[in-house]
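Here is the structure we will look at, set down as structure tokens.
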Amino acid sequence: MKTDFGTAILSGFDYLLENYPEVFVIGQGLWSPWYVGTTMTDLDKKFGKERVIDTPVSESACTGAAIGASLTGMRPIIVHPRMDFMLYAMDAIVNQAAKWSHMFGGQAHPGVTIRGIINRGGEQGAQHSQALHALFAHIPGLRVVMPSTVTDARDLLIASVLSPDPVIYIDDRWLYSQTDELEEIVELDLSKEGPECLMEGNDLTLVASGFSSMQAREVCDLVANKGISLEIIDLRILNPFDASKILESVRKTGRLLVVDGGWKACGMASEVISSVTEELELGALKSKPLRITLPSAPAPTSATLEREYYLSNDRLIDCIINLVR
Amino acid sequence: MKTDFGTAILSGFDYLLENYPEVFVIGQGLWSPWYVGTTMTDLDKKFGKERVIDTPVSESACTGAAIGASLTGMRPIIVHPRMDFMLYAMDAIVNQAAKWSHMFGGQAHPGVTIRGIINRGGEQGAQHSQALHALFAHIPGLRVVMPSTVTDARDLLIASVLSPDPVIYIDDRWLYSQTDELEEIVELDLSKEGPECLMEGNDLTLVASGFSSMQAREVCDLVANKGISLEIIDLRILNPFDASKILESVRKTGRLLVVDGGWKACGMASEVISSVTEELELGALKSKPLRITLPSAPAPTSATLEREYYLSNDRLIDCIINLVR
Amino acid sequence: MEKPDLTNPKNFHSPINVSGMDLDLLIKFYESMSMIRKAEDLLAVKRRDGFIGGPVHLGAGQEAIPVGVSPSLNSSDFVFGAHRSHGHLLALGSSLHKLFAEVLGKETGHSKGMGGSMHLWDEPSGFYGSVPIMAGTVPLAVGAAISAKLRKSSSIAVAYLGDGAVEEGIVIESMNLAKIQKAPILFIVENNLFASHMHISLRQPSSYISRFADASLVPSHILDGNDVVEVFKTARNSINDIRSGQGPQLIECLTYRFYGHVDWREDVDVGVNRSMEDINDWRSRDPIKRLTESLLEINETIEDKLNDLNDELNLNVQSAWELALEDPFPAKDKLLEGVYA
Amino acid sequence: MEKPDLTNPKNFHSPINVSGMDLDLLIKFYESMSMIRKAEDLLAVKRRDGFIGGPVHLGAGQEAIPVGVSPSLNSSDFVFGAHRSHGHLLALGSSLHKLFAEVLGKETGHSKGMGGSMHLWDEPSGFYGSVPIMAGTVPLAVGAAISAKLRKSSSIAVAYLGDGAVEEGIVIESMNLAKIQKAPILFIVENNLFASHMHISLRQPSSYISRFADASLVPSHILDGNDVVEVFKTARNSINDIRSGQGPQLIECLTYRFYGHVDWREDVDVGVNRSMEDINDWRSRDPIKRLTESLLEINETIEDKLNDLNDELNLNVQSAWELALEDPFPAKDKLLEGVYA
């Protein structure tokens, strides 16, 4: 039986709350069946409102509280139903969570998981559409996780929560309806995880994450029909970033395309390209590396402009064809 | 007579407050002669405490207030004596200032200047040492300015304040004692400014900003003595980023080194390298491009570790020699 | 507490006290509230029927607040709203057609189609922006007030915010900053007891939020937000004080929204059921109903006049909608235009 | 206000009321306060003389607060501090040598030399961290308290913060969250009337900050922070209440720091002159001086005992410093170690 991405997240929460008494969840919308899609439905009923805490509209303090609880040995998950709201919590995330381990000589363990949901489209506009993963990927001390597959949705959530480090776990609602077979749960060691090759190919290394990885998978067959063999690498872990698999792949294909659902400047695509070109032997590329990202603008509201703003599979296919030709 | 960098900033404030009644300054430490070095000494006495406002410890609201004032036609400058404190004001900066023009169809003009001071070293540690320019350079709608020369310290401040856009003006205290001749004030149009070549050379394009640019200038002669001719490009404007001068330079030198005082991942150095390699003709590079940044760690306190953490001129020279050999 | 419990839906069902009020002004209140109500009821239907692509947060039931406040404002003031701001804007006399066009994402809209329902801008009416980030505009309004003070103008700023927004720490920072700066600003809290699915009792230890104003020594007033005359009188006095340089004030208006948190449903609020009994009780406190009853008490023959007014408003609302429907969408180059000035 | 104005340096110069207190406990207070004072006076000199590379924020004059609070805490509680936290840590009985080592950036320090004076950690004493970002630890302390509640342990959290930190909105968010969660936490505000160079009157409309607790319905107590017995009694009662599940409380301690904001100068405070008259008046409210006077009132012969104690403390402080001076700096690989667990 196939499971959808949203339900996979839910089963991750279920597993954690069932098996780890030190896990609790806090955030806005947790007592609403609608707020966070189907990813947390009825957790409060099953595990109690003490462990599944809906909160006042105070992102800053709630994030800080989750961090504080983690210092005492709990494994809290703080949920932000939109990443945009995390901007109120940047001090807690960047100045506190990311710093405490190093700053106290490795003695403090802010093993908090900060879940930020990318929730865009639907004419929601500039403050309710952001994909801000690059902001967090810039910060040493944070682990940044972006699942793209159904299995990762669940298993990387579990790994994030069990990690002793602060983790930013970012899921995109555009992934929720995707379905796949779910294997048995494996408790992964997050520090050992990194980018993975989702599809082997010879003509072009396409690197992506989150929803962009799903797009990559979707167009793979279509470009294969045009005789182009894609190698798809799903980043999964954006920080600390390990470029080695990508490098290996580009050595093989000689071409690098990075698709990212965030902005370009100082973004994740910039990181991938610079990490690769710093290491890659001169002359190994058959074409210039390329980033496809959002336009350098806030998200518009009007549906006509949203269609331009977000990358369509058709445009992605065109880019791939242009690059390989 | 030579003027130092700190005094150049002061003269920029003086010019603005003298000539533009719509300019006012707000921030922490403005009534203290010590807080922000010598960059704002006695402005409150000269222009009055109504226009030079010291504030409660409320970065978030004070930044928002400056933005709001700018919407009504004022030209406020909000001062954060350390960039680290701006993390409390991220919503105001990223969700508000950066978005309002686009979101309201170009009708709203958040022409605010947000001055963030990089204040590191001296065993101040992880929360009092950050250079977070890349976080802001990622955000469309913000202009990010980092002066490195004495003249720019003053003239880019003036241009920032006169710009109708929200500007993040970042000055590094390690630059304050540097001196130079100051020409007459020129009112620059910030939207026309971009990276500039500080030193022409043939062997290597060294791109830097802020304090790193000063380091580049400092080592220039020393490496020239070793027969290496550096071309130094000072970024000045980090966002929106214009790579064209750098590209041109790399076409000439065939080598690219980016020195940045911030972190590596999704940082400004990544942006420079990916922007260049995306455009540069294949085969134009004689050696792999290279980033020199901070180690991927929070700032330590202990002086012995600080010496390792921050780039010394000696290490920079070694890197340059290795790259060109 | 000075009054019977304003949060109890069983109280305050009776007609409002209009004695001493000018009849024309009362009829203006009626007209303005009715226009807003009709506009929002139409938006609810159009959203349900798929004409509107983005979320709409409707303030039906809360009209007395902006309608009571706005007559004391003028176009050189600085009014800031939030996600539920149709009424804040319309009560200033702003164009209904432009609001509809904006909600539809049309280039003729208040924000040129770049904002939609949650991002409204109308400088000529003194409306300096609404955004959906909770409390996002509150410090901005303080800044606008500081700017008015620096320019020695008589403008004031108004920040509308909800009982949920108050939970963002930036609000208390803003009140303190306004107080210490003696900034001419009126904070208006529309306390409708809910922040999306969460009743205030689940979020705060008391259902009245003006205690935060007390903490900042900002003079505050708690009142029946469904009594347009009480809102009007209190706001007028506060605004007079503020204009004369006495610093910030806060008015807390107890009210209720008839629709759920977002879009057209009434009894389902982002998944949390509100009892029909509560909703019906609150409908008995409907500010338009209560004003109507008061008007009829004064003069029964006014009914015809109100009926005519209603017919006219229906026509206006309908035609504004149809006009907006025909308007063009923004050109594609608008996507990158306007990021910078 | 329940008392004569605590913010006026002319008041509260007399000996404190020790009646009914155990003499041994009073002597313990004396010892602990004196030890902290001597440690900080030494740090001031060593900073001035260039032995210490980083900033030190000294709390001399404020010792009665942590010394009065700590006896009611135990090592399974969670105590959080800020930039001026030497005393908070030492009052818990934590190692002075480790504090000195940390201030010197030595590997033997509380934070293994990675933190310095402003970043202290000592889990075995129940000290869960201090940081210089204003109010940074306050929500963390609430989280620690929530965790204690979830585990049904009897631990409580303590958050020390200053009158300046209170101006960060995150503090009121934290108080509201603690209240609604009934979290076992004691907020202790050390109101020394200054945030670096700014007197509270330039930052807030009132010099007492417990009005923020009132806004969150967090029970609060305002007291003479230079009276160790009053602090002790109030904290003991509050902590008992909190341990028994009654939710958060706040204690506001009026006090004053003898040194300037940072480092060793006393009359210059990040550039703002404090009058010597004020400083001298506050020295007359010195918590150690006042306790000493009270002890001598009880029993004149105690003077010898106190003198012996002082000699012993001087020796201890000196030898802890010398030990720390000899300690090694962290190895270079510590720079990248510990970023992740």
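Letters A, B, C and D mark the chains in the order given here, with residues in each chain numbered from 1 onward.
Keep this in mind: a contact is a pair of C-beta atoms (placed from the backbone, for glycine too) under 8 Å apart; a residue touches a chain by one contact, two chains touch by 3 or more.
The structure displayed is predicted, hence computed values, not measured ones.
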Label of the chain whose CA centroid is most distant from the centroid of subunit C: D
Chain pair, B-D or A-D, that carries the greater number of C-beta contacts: A-D
Subunit A and subunit C: spacing of chain centres that average the CA atoms, whole Å: 37
Rounded Å distance, subunit B centre to subunit C centre (Cα mean): 41
For subunit B, residues that touch 2 or more chains besides their own: 55-56, 58, 60-61, 84, 88, 91, 95, 99, 102-103, 125-127, 140-141, 240, 295-298, 300
Touching two or more other chains - residues of subunit D: 113-115, 119, 131, 133, 136, 167-170, 173, 176, 180, 202-204, 330, 334, 339
Interfacial residue positions of subunit C with respect to subunit B in the complex: 78, 80, 109, 111-115, 119, 121, 123, 128-129, 131, 133, 136-144, 146-148, 150, 157, 169-170, 173-174, 176-177, 180-181, 330, 334, 337-341
Subunit C-touching residues of subunit D, taken from the complex the two chains share: 167-173, 176, 179-180, 202-206, 211-212, 214-217
Touching residues on subunit B, where the partner in the complex is subunit A: 84, 87-88, 90-91, 94-95, 98-99, 102-103, 125-127, 134-135, 137-141, 239-241, 262-263, 265-271, 273-275, 277-280, 282-283, 285-291, 295-298, 300
Residue ranges of subunit A in contact with subunit D within the complex: 24, 26, 50-51, 53, 55-56, 58, 60-74, 76, 91-92, 95-96, 99-109, 111, 140-141, 143, 163-165, 191, 240
Footprint of subunit A on subunit C - complex, ascending: 53-55, 105-106, 113-116, 118-119, 131-134, 136, 164-165, 167-170, 195-198, 202-204, 270-272, 329-330, 332, 334-336, 339
